[in-house]
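Next up, some structures in structure tokens.
Next come two complexes, and both contain chain A; in the first it sits with chain B, in the second with chain C.
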Partner chain A sequence: MHSIFSRLNNGSSLLSSCLMGLLLAVTLSTFVFTAEPQGNLTIGSIRVLEGRNPRRYNQKQEVGVVRFNVTADLTPLFHWNTKQIFLYLQAEYNTTEGVQNDVVIWDRIVRRKEDASINVVAKDKYHLRDVSRTFRGVPHAQYALKYNIMPYVGVLTYGEVARTSEAVVFPKLGEL
Partner chain B sequence: MFSDELKAFRRLGFRHVLLQVLNFASVIASGLMLWKGMSLVTNSESPIVVVLSGSMEPAFYRGDLLFLTNPVSELYKTGDITVYKIPGADIPIVHRVLETRNFPIKDWDPSTSSSPHPVEQKMLTKGDNNHVDDLALYEGLDWLERKHIVGKVRGFMPYIGYHLTILLQNDFPQLKYALLGGLALLALLQRE
Partner chain C sequence: MADYINELLEGRIDFEGQKLVEKLMYYVLIASTIAAFITGLALQSLSLTFGTMGLSVAVLAVAIIPPWPAYRSHPIKWLPASPQPGKK
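Then we have the complex of A and B:
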């Protein structure tokens, strides 16, 4: 009954239940942190150019190139269970045909508190495209800066840092 | 080597063997019940998955455990991390939603429709660690659709599934067969 095997078995099962309890406690502790990060988002310019449809390579498709300015302070989001923050900027628009679109145009992975003060003036990483292959049916778009906190263990949480206060009008092909 | 074990086996008799089989069956059955029960609650065919690729590093490494839900009442949003399975592809993929296009369904009737939303979602995903989006992974499909998605990642636990990646993938074949053989031997020879 008191063989080395049973001792090992009991010891490891106690250890693993302690570990699970600890992980559960860490998971629950994350719900205490409810910081609201501050940030600002402005859209510099939008250009609509002619490009190719990545799904049908011989087809032409309009491509929206967005320049933007993002400042955000994500430091309050870093607590002891923050592994990294996925920050993303998305365009939100409805076409005249009633299709609702959310399209991420830029993202960044923030892994350290020292890098959490964001100040970016940049062009999009992923160009805007519409399913109809043209932006003629898209009068304007809203832009929002959002984040996803990815923990060491536990629940993934989402939130919004900033949003354009007014809808940004889409230019015609070739115009600024 | 096993003669002692065999003797012990004979001594314990037929009823004991039956009891052992019954115990074994009840363990298997309760595990399966738990799994299917979780499936029902989360509306996901596989509510817990093990990460098998490095395309979401540095967030998810191989062997990390992900907990999924797939609520009917919720539409997928950009930034959600989904697990999806394209018909024809052998392993499910864990990637983040980059684009959602919600097409309105004409003549939508809430009493007959399976979805509580009058929209049909088309999505594009991308792995955080990949340079390009997943279009090439869709096996010729233009968009990812709801029916391809197993669930949305809600919770995360590191490392726990690493032994499973050894069993499921062929990085260390000797270790894999040694583990499997050892487990089988233990299961056969254990007497309690």
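Then we have the complex of A and C:
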């Protein structure tokens, strides 16, 4: 500590330890703020249309078009360490082979507490497609509205706001 | 001239000053970390946390890095030079 350089050196070394401790404390404090946001999700209609494979132009592919209604209040999720919330609507279904598929069909990034009251009537933002290019083997799907909190410091947390109370049947191609 | 500049850049302080600086650094840094956390948590603002931390670090840096006269007020008192060097 006798010279300017050694004082700088010792000071910055202790400062880095203190900052690490501060960041750790902020991370841990986030686990205290647990909230259960309330929301409601209804599927208005679903149609299965015939489209084209975006990668192979001459290949036909079934595309699900989903209309839905979402209301959610994400305000309780905003605390001092919330940077933004990624809200997404996900279709979940099992194929005949028993493979569970989760497809995100709509999302929204909520950056401010003022925008956290969600009331959306919309159509899917990303088309509902299956790897097998058809929904023939899929009887029905569940839809869930989920969120992902992105903090300034710490870990991502996932959660669910709402879910359809019963499975929504996939119509045949072209049917409403 | 070069010696003078070297002296200025080195910023030497005495032993009592070093003890004081070390104590000051230790207590102020840890206290400001805790204060920053509590302030931010109470007022729910992360920018306030890091603002408090940054401000106290800046004040602390000004207080301990330059060789202020307070840290040089206990110079070492050497024994007087022996009248006949080299002879016991």
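Quick notes on this one:
Criterion: the second predicted complex is superposed on the first by the 174 of 176 C-alpha atoms of A that agree within 3 Å, B and C clash if a C-alpha of one lies under 4 Å from a C-alpha of the other, contacts with A are read in each partner's own complex, and residues count from 1 in each chain.
Going forward, a contact is a pair of C-beta atoms (placed from the backbone, for glycine too) under 8 Å apart; a residue touches a chain by one contact, two chains touch by 3 or more.
Worth saying up front: this structure is predicted, and the values here are computed from it rather than measured.
Model built by superposing both complexes on chain A: chain B and chain C fit together without a clash. Contact with chain B, but none with chain C, is seen for A:111 once the two complexes are overlaid on the shared chain.
In the superposed model, A:67 makes contact with neither chain B nor chain C. Of the two partner chains placed by superposition, only chain B is touched by A:101; chain C is not.
Of the two partner chains placed by the overlay, chain B and chain C both lie in contact with A:153.
Applying the stated contact rule after C-alpha superposition, one finds that A:88 touches chain B and leaves chain C untouched.
On the chain A superposition, the C-alpha centres give an angle at chain A of 50° between chain B and chain C, rounded to a multiple of 10. For chain A, the partner with contacts to more residues, out of chain B and chain C, is B. In the superposed pair of complexes, A:54 makes contact with chain B only, with no contact to chain C. In the superposed pair of complexes, A:7 makes contact with chain C only, with no contact to chain B. Between chain B and chain C the least C-alpha distance in the superposed model amounts to 12 Å. The residues of chain A shared by its contacts with chain B and with chain C are 152-153.
Contacts from chain C toward chain A in the complex involve residues 9-13, 18, 21-22, 25-26, 29-30, 32-33, 36-37, 40-41, 44-46, 49, 53, 57, 60-61, 64-67.
Those residues of chain A lying in contact with chain B across their complex are 23, 27, 54-55, 83-84, 86, 88, 90, 98-104, 107, 109, 111, 126, 131, 146, 148, 150-156, 158. The touching residues of chain B, when paired with chain A in their complex, are 58-59, 77-79, 81, 96, 98-104, 119, 122, 128, 133, 135, 142, 153-158.
Chain A meets chain C in the complex at residues 1-5, 7-8, 10-11, 14-15, 18-19, 21-22, 25-26, 29, 79-81, 152-153.
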